[in-house]
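Before we start, here is the structure in question, set down as C-alpha cells.
Note that the chains are named A, B, C and D in the order they appear, and that numbering of residues resets to 1 at the start of each chain.
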Amino acid sequence: MATRTPKLMTVEDAAELIRDGDTIGIGGFITTNKPCALIRRLTRLRCKHLTVVAAPSGPELDLMLANDMIDRLITPYCGAEAVSPILPFFQKWAGRRFQVDEVDNGTLIAMLKAQIQRVPFLPVNVVGTSIPDLNPRVKVIDDPFGGPPIAVVKPIEIDVAIIHATRADRWGNVQHFGPLFIDHLFAQAAKKVIVTVERLVPNATIRGNALLTSLPSAFVDVIVEAPYGAHPGGSHNFYRLDTERLRMFVDGAKAYFAGNPEPWNSYMELFVDGPATHGEYCEMVGMSNMFKLSLERLDEES
Amino acid sequence: MALANVPESLLEAPPYPMELMAYFIAQQMRNGDYVALGTNLPVSTAGVLLAHLTRCPDIKISALSYFMHLARVERFHDLGQVASPRLSRWAESIWSLDALLDAVPRMDWSFTGALQIDKFGNTNLIGVGDDPTNLKFRGPGSVGSSTVAAICRNYMIHVGSHAPRVLVERCDFRSAVGFGEGGDHRQRLGLPGGGPKFVITPKAIMDFEPESKHMRLKHLLPGVTLDEVVNNTGFELMIPEIIEEIDLPSRKELGILRARIDVQGVLRR
Amino acid sequence: MATRTPKLMTVEDAAELIRDGDTIGIGGFITTNKPCALIRRLTRLRCKHLTVVAAPSGPELDLMLANDMIDRLITPYCGAEAVSPILPFFQKWAGRRFQVDEVDNGTLIAMLKAQIQRVPFLPVNVVGTSIPDLNPRVKVIDDPFGGPPIAVVKPIEIDVAIIHATRADRWGNVQHFGPLFIDHLFAQAAKKVIVTVERLVPNATIRGNALLTSLPSAFVDVIVEAPYGAHPGGSHNFYRLDTERLRMFVDGAKAYFAGNPEPWNSYMELFVDGPATHGEYCEMVGMSNMFKLSLERLDEES
Amino acid sequence: MALANVPESLLEAPPYPMELMAYFIAQQMRNGDYVALGTNLPVSTAGVLLAHLTRCPDIKISALSYFMHLARVERFHDLGQVASPRLSRWAESIWSLDALLDAVPRMDWSFTGALQIDKFGNTNLIGVGDDPTNLKFRGPGSVGSSTVAAICRNYMIHVGSHAPRVLVERCDFRSAVGFGEGGDHRQRLGLPGGGPKFVITPKAIMDFEPESKHMRLKHLLPGVTLDEVVNNTGFELMIPEIIEEIDLPSRKELGILRARIDVQGVLRR
C-alpha cells in the first residue's frame, strides 16, 4: 500500500522555491509571526523583481526593500510600532525605488478574497479616499441597485505564500496558537504555500485538537520546522519581539540614510549574509539571548 | 488489513453494477487530489475511498466541514454518512461553510445529484414544471451545487435512475451550469472551473465530447444494452464508434472494497 | 463598582423577542445544531409572517411551514437526508403558500456577507443558473473590468438570529465543539442574536480556551441554557439525531398529505403544543430515549 | 482595588493634560459599547479603561485580534501594548483580521492617528507631498483606517501635535474619509458609519458642527489659550460662543487612573 507523502523541507531548500519576478504573499502582523527565517534566506539569495503582497509589515519587509528585492509593494502598513513607527527604507524609497499600490486592510483582504472566490472584483468601502487613485486594481463603479457609486477591487494572483505558525504535522496541517491575522487568506489565494513552524508535532496531536487547525493540509505545500523562525519579531505564545536586535536594525538603517553605511553593512553581514543556515543565525543571535525572549518571563506578576 | 483476512466467500460474486461505478470513480482519482464527499452518495464515496486506500494515500477529503485523512480507517460502517461522529475523529481540520466554499477552487473533484440533467450537463435540483409558484415537483434546493459546479476543477453527476424524465432535452430550471448551451459557452459565461466530467447512472457512464460538450456514452454497465440506454435518455445521446468495456477491479481491489469500504454491502444490490 | 450584566434567559422568554413579520436567521446545518427548542416555542406561539433566512434546513423548518408561519423563505435546502431527502410541507407548499427566493450556499453566504460588510452587493458565481431569475436580490451586471457579466446579490437585514451551540458563559461568549457552518455569519448580520447552548460554563473555561470561541460576547444578546435544545436533530459531540422521532414527524406529514391528518395532529399536540416548557418537552420524549442518543455509544467499535 | 489602597501622594498633583484627555474619552463611553483599542495610543486606551473600570463593566474591547474583558485586571503594566501576552490571558475570543473587519459595523468607537487632518475630519496616513512617486514625507500607510472609518459607528482622531502642518486646509492624500467636503457629503458617498466625533490634540478637543460638519473647538486643555489653538490650526476652526471647561475627574477616578491604569505614569508628563 502506498504511504502518505511528507511535506518537510529546510528553510534553505524552501527559499529556492521562490523565483525572481514572483508575486509573494507574506502573513503575520507587523512584528508578530512573520516568516523571518525564510525572508532572511531570500534576502541572502538576493531574490529580485518581486511583487510583495503583505499583511501589515515590519522590519522583514524593510530588509527586502533595503536590498532592492521588491519592484511593487502592496501592504497597508510598514512600521515597527513602539520601536519605530515607520521603517527607514520604506519611508525613504517608497514610490522612488519601488512602486506602492496603496491599500488598507479592508482593500487588501477584498483583493485576496476576490482571488480566492474566483470573482472578478469585490466591493470595498473606500470611496472618497485616495486608494482608488493610488491603486490600479481599484475602481469606482455605479451601484447596480441604484445606491451611490462604490469602489471595487480586482483579485490578485499570488505565486507563493510564506507564513509562520506555531506547529504542524509532517503532512501539512498547521495550527496557530494565537491570531490567524490573514494567513488563511494568503494560503487560500496562493498557488504554493510554505509554512515555517516553531514545532513539528505528531498527526495525533493535530487530530486531537482538530478545531485548532488553522490551515488544513489541502492548503499547504511545504512545512519547514524553524524554531525561532519569526525572530527578531515575536511568535504567538513562544517568544516576544527582540527589541534589542530590532533597534540594531533600525539604528543601522537610520545611520545608512545619515551617510554612515557601516552599522547597516555590519548588520547585513552578521545577521543575513554571514549565517549559512537558520541554525547558524540562531547561534549568531546567541541562544541565551533567545531564551530571554520567552513569554513566560513576562507573566511573573500578572 | 491484509488481503489474506478477506474471507474467500466475500470474493465469490462478480462485481455488482454499483461496485463497477465505484471502481470507475476510483480510477479517475490521482494521488494528492482534493475531493469533496457528500452525504447519501455511497457510490462516489466508495470510489474515492477505494482510490485512497490503494493508489492515492495523499488524497485530501472534505466531508461537509471536516477535512479528513481516511487511509488508516480499518472499516467504514456507513458509506452514506462520511461526516459521521465515528469518522470525525479522523478529521485534521474543521472549517466553517464559508471557509470551505472559499476552498473550492482547489477542489479536484466534487459530486452532485440532480432531478434533471440535460445534454450539456446542466443540472436541476430546484423543481420540475414551468411555473415556480406552482411546480409539478419541488426539489430539495440547490444546496451548494451552483457555486461549487461553477468553480471546482472537475465534478461528476450521479443520479439514481436512467430515465427520460431525468435525462432531459432541457432542464426546467438550472441549479448548476454544466456547459450551458454547449461548445465554449461555459468559458464565455466566465465560470472558472472545468465543468462536469462524467455522468453516472444505473445503466451507463457518460462523458462529454470535447468540442461540442454534448453528452456522450462511454461505458454500458453489465447487462445493459445500447438500445436500453438510448430509449431511456430524453435527448439524443452521442454514441462513439466503439463503446469501451468498463474496467474490472482486481481481486485485491474488490477485497478492499467489500471488506473495508462497503461492509454493509450497499453496493452489492 | 458596577458589575457585568449576564445575558441569560429561558427558552420561553427568548422566544418572545421574535415578533410577527420579523426576518429571522437560522443557523446549524440540515439536522445538526438546529435551534429546535426555540423553534418549537415559536411554533407553539404561532409566530406569523416571518421571512426566514436559513442555512440548509431540516424538519425544524418544515414544522414552521406546516404552521403557516413563513411568508418568504431563503434557504439552499430543505430535507432530512437519509430519513427524507426532501421534506413534505416544503415540497408541497413551496411557491404556493410561501414564496421561495432561490439561493445556493454561495449566494446565501454572499447575501449575509454583503450585509455584514455594509456593501451594496457582492458577486456570486451563479451566472447561467436560474437563481438570478428566481431571486429578486440577484442581478447580472457587466464586469467593470471587461470580463463576462457577473451575478451580484444584495444584502439582507436580519432582525433576529437563532443559533444552537455547545457551550457559553453567562456573558455571551459561545463555543462550538464542531463545525460552525454559517452561524457566525448569522450572528454578525443580525440586529439581535439568541444562542441556545447545551451547557453553561464559567468564564474561566472560556478564557482558558479562547481560540475555541466561535462567537464573542460582542455578537451575542441572549444566552439560553437548553440541554437537548437541538433535539430531534443532533448536537455536536453531544447527541446524534433521533431517527425514530424524525420518522414520526415525516410519517405524520406524509399522512397529512395522504388525507389522514391524525398522526400529524397528534405529533403537534404531543411535541409542540402540549409541553409548556423545554423541560416538559424533554420529558415527553423521555430521558431514557434522550440518553440513548449519546454519541459515545456510536464509538464502541471504531 | 479599594481607593484606600491608593497612596495619598499619588493624588497630590492635579490632573495632567493627557489625563484630562483620557477622562474626556472615558466620559463618552456608554456601558455595553464595543470599542477597538490600538497599539501606541495610551491616551485613548486609558480613557476606555477608566470607563470600563468604573461606570461601564459591559464594555467590549477588541485589541487587534483579541476580544477581551478587562474590568478585573488589577494593574495595566503597559498602556501602549493592550494586545500584549500579559493581557491576552483575559481574551475571551481570538479572531482573524478579516473576521474582525466584519465586526466593524457593531463597533461603537475606534481611534485613529493621522499625519494630516483637514477641517472636515478627513485624515491622511499615506504621505505628504503632491507626487506619490516623490513624496516629501512618506507615512506608514493606511493600516485599517480607510474601511474602519467608513463603517464604524463613531471614531475619534488623536494626534500628537497641534500644528498647522497637521491640521491642514486639505489633506494631500486621504486614507480615511471623515465628512468629505462637509455637510451631507459623507452620506452622499454612501459610507455607512457615523464618521469622526472628536479630534484630540495636546492643545484642545474639537468636535464637528452638526450641519456643516466643520471642525469646531470644544475644550481647551489647561494652560492653552484660544489664540494658541487658532494660530496653530492650518484652517479656520469654528469657535463656539462659549468654550466649555473640560470636566475634571473625581479623586476616585483619578486614583483608579493613576494606581491601576497608568502605573507607568505615561500620561503624567
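Simple rule for what comes next: contacts are C-beta pairs under 8 Å (C-beta built on N, C-alpha and C of every residue); 3 or more make two chains touch, one makes a residue touch a chain.
Predicted, not measured: the structure shown is a model, and the values here were computed from it.
**Student:** Provide the labels of all chains in contact with chain A and in contact with chain B.
**Tutor:** Where chain A and chain B share a partner, that partner set is C.
**Student:** Measuring from the mean C-alpha position of chain C to the mean C-alpha position of chain D, what distance in angstrom results?
**Tutor:** 40
**Student:** How many angstrom lie between the centres of chain A and chain D, each centre taken as the mean Cα position?
**Tutor:** The computed centroid separation for chain A versus chain D comes out at 29 Å.
**Student:** For chain D, which residues are shared contacts with two or more other chains?
**Tutor:** 66, 89, 94-95, 101, 150-151, 190, 192
**Student:** Where does chain C touch two or more other chains at once, residue-wise?
**Tutor:** Correct list: 113, 117-118, 120, 124-125, 143, 147, 150, 178, 184, 211.
**Student:** Taking all chains into account, which pairs touch?
**Tutor:** Touching chain pairs, listed by label, are A-B, A-C, A-D, B-C, C-D.
**Student:** Sort out for me which residues of chain B touch chain C in the complex.
**Tutor:** So the residues of chain B touching chain C come out as 39-40, 64-66, 73-75, 77, 80-81, 84-86, 88-89, 94-98, 101, 126-127, 131-135, 137-148, 150-151, 173-177, 180, 188-192.
**Student:** Give every residue of chain B touching chain A within the complex, in rising order.
**Tutor:** Residues 31-32, 34, 53-58, 60, 62, 66-67, 69, 71, 89-95, 99, 101-103, 105-106, 150-151, 190, 192 of chain B touch chain A in their complex.
**Student:** If you look only at chain C, which of its residues touch chain A in the complex?
**Tutor:** Going through chain C, the ones touching chain A are 117-125, 139, 141, 143-145, 147, 150, 152, 154, 177-178, 211-212.
**Student:** If we count contacts the way the header does, which residues on chain A are in touch with chain B in the complex?
**Tutor:** Residues 1-5, 113, 116-118, 120, 169, 171, 173, 184, 188, 203, 206-207, 210-211, 213, 215-219.
**Student:** For the complex, give me every residue of chain C touching chain B.
**Tutor:** It is residues 29, 55-56, 75-79, 81-82, 85-86, 90-92, 94-96, 99-100, 102-107, 109, 113, 124-131, 134, 143, 147-150, 178-185, 237, 240, 295, 298-299, 301-302 of chain C that touch chain B.
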